[in-house]
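Take a look at the structures below.
The following pair of complexes shares a single chain, chain A, combined with chain B in the former and chain C in the latter.
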Partner chain A sequence: MEITTKSNLEVSVVHLKGELDNESSEYLRKNIEKLIESEKVNIVLDFKELSYSNSAGLRELIALYKLANASGGNLKLCALQPQLEDLFSFTNLRKVFDIYQNEDEAVASFTV
Partner chain B sequence: MNSLFQDDVITISVASNPRFLTLIRCMVFNTALLLKFSEKISREIMLAVDEAITNVIKHSYNQCYEKEIIVSLHLKNDRLEIHIRDYGKKTDPSCIKSRDLNDIKPGGLGVFFIRKIMDHVEYDTSPEEGTLLKLIKYKTDCGPSPAGGHNGD
Partner chain C sequence: MDQVLGHILVVDDDELICCLLKDILNRQNCAVTTVLNGASALETLRANAFDLVITDVNMPGMNGIVLMEEIKRISPDLPVIVITGGGNEEIAVKALKSGAFNFCRKPFEIEELTRIVKKGLEVKKFSDKQKEVLPFLTVEMSFDMPSDVMLIRSVIHHIYQGARQLGFPEDEFSMRVKLAIDEALNNAIKHGNHSNIDKKVKIRTQISPQKLMVTIRDEGPGFDVSQVPDPKDPSNLHREGGRGVLLISYYMDEVYYNDKGNEVMLVKYAKAKNAGDGTRQMDSGVWSTR
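Then we have the complex of A and B:
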């Protein structure tokens, strides 16, 4: 999985490309932990190019969501692709995460 | 009924290393499409198999990445049967628990997905060594699927 991050003063947007599974979820965690350690606690995960996740990926998302919240921030999601839509429909995770259609909407939600 | 598939079997043997999961996912997804499952259902079957093999690596082989896992896809006219054979610690079906979705915490999601997606899940521990996990997904245009499965939950 490829991860690219862009940050401004308010929000960091993390683009994920590829598949989120047992191996790549660890890579994601390290990236997000770095952001939070540098006090960038408002985070958008952009799933536009994320084609797949398994339960290991979801577990990581839950853990990172809790970490961001515990640090006084929030972790929001955008641009879920069909497989991710299915996963979130299977579970109650839609009730947990704030999910937006695209990056712009997700970023704007932090300034409202 | 289209009888393209009488009892074709595709078998792959891989090491118990998570890096091979991508390969297996690809094989399962494309085989399900070949059997005329929808893209959505094919993605779900792929997820169930991914979760099952992840559990084998984690629990049967205790994260040892050099053991053998054999995955067989049995193409039937009315269903796709997936057999996952390992030679590790035997699975005790009574100890396998799905997660309560009202409890927002990590863990147990894999088993939840397997049971939610597949019509039939059977852990055969009769082999001398290891476990044979049988997963079955019926095609909905071949009559009602047995109890359980995606539409029954």
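Then we have the complex of A and C:
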């Protein structure tokens, strides 16, 4: 999985490309932990180019969501592909995460 | 005309080239349909059966390389010959890398063109002949793998290749089957064998064009699937784990656990018989999840 991050003063957008599985979950965790350690606690995960996630990926997302919240921030998702929309709907995880259509909406939600 | 060697679709925005190719190929006992652009080609291909496509690369709108990639999505086995301008080796290499059967340079050398076309028709005929036996074929695969989650991706890839070879629908596999196998293997390795590398996970796979069946057994004590907490319950939503069993039942058509609970059988039909709804039934001594 490829991860690219862009940050401004309020929000960091983390773009994920590829698949979220056992191996890449660990890589994602290290990236997000680094952001939170540097006090960038408002995070958007952009799923536009994420094609797959298994339950290890979901587990990691929930752990990172809790970590961001515990640090006084939030972790939001955007641009889910249909197969991931289906996964999040079926598992009721839409009730856990704030999910937006695109990056702009997700970023704007932090300033409202 | 003697017995027709094959039906060929010619795509070129130049009507003169279309006429020329039609004339050359008719003389070789080929039936020829001509169209002037990529969109018409795709429409014609969806409505009719062809044995080969010849397409120009440089066309307004959809170019020949993009058209070929679209054709490969519709009919992966249909040979496509690409026509390039003389001396444009780069385009020819790109076309071959994208799946072209061969390429032909302008201006045409009739002998070279007919040789390439006949070879393409032979390949198509051979591929059609092979397909005749597919409905009666079952491919079996076995893995006895150590308990290492890093091997899961490779195992799934092998199963995917087998399924693809037999024409099992790719969209069914890409998310649903892949995810269910991924979850079942993670369960076997992490919860069954506690990631003990000395303990094996046995995987038995049977794939036919109609049905895919994967049995996964670990060396652990087993578990009672009916005791797994429902991760969709509001009180469990923030729990990090416990979704694997649910996802398996959601994405497969049938799921069976043995009495001990250390073996699971996943079944997916090429055309889904019934979508998984997560309910569980005791059926002939095994747990089934439908």
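Before moving on, here are some points about what is shown:
Here is the rule we use: the second predicted complex is superposed on the first by the 112 of 112 C-alpha atoms of A that agree within 3 Å, B and C clash if a C-alpha of one lies under 4 Å from a C-alpha of the other, contacts with A are read in each partner's own complex, and residues count from 1 in each chain.
FYI, contacts are C-beta pairs under 8 Å (C-beta built on N, C-alpha and C of every residue); 3 or more make two chains touch, one makes a residue touch a chain.
Owing to the predicted nature of the structure, the values given are computational and were not obtained by experimental measurement.
On the superposed chain A, the two partners chain B and chain C do not both fit; they clash. Once the two complexes are overlaid on the shared chain, A:92 sits against chain B and chain C alike. Shared-chain residue A:67: touches no atom of chain B or chain C. Superposing on chain A, the segment of chain C with clashing C-alpha atoms against chain B, chosen from 81-89, 99-107, 117-125 or 243-251, turns out to be 243-251.
Shared interface residues of chain A, touching chain B in one complex and chain C in the other, are 21-23, 52, 54-56, 58-59, 62-63, 83, 87, 90-93, 96. Contact residues on chain C toward chain A in their complex (touch as defined above): 149-150, 152-153, 174-175, 178-179, 182-183, 186, 231-232, 234, 237-241, 243-244, 246-247, 250. Across the complex, chain A is touched by residues 18-19, 21-22, 25, 39-40, 43-44, 47, 50-51, 54, 101-102, 104-107, 109-110, 112-113, 116 of chain B. Those residues of chain A whose C-beta lies close enough to touch chain B in the complex are 19, 21-23, 52, 54-56, 58-59, 62-63, 82-83, 86-87, 90-93, 96. Partner chain C is touched in their complex by these residues of chain A: 21-23, 52, 54-56, 58-59, 62-63, 66, 83, 87, 90-93, 95-96.
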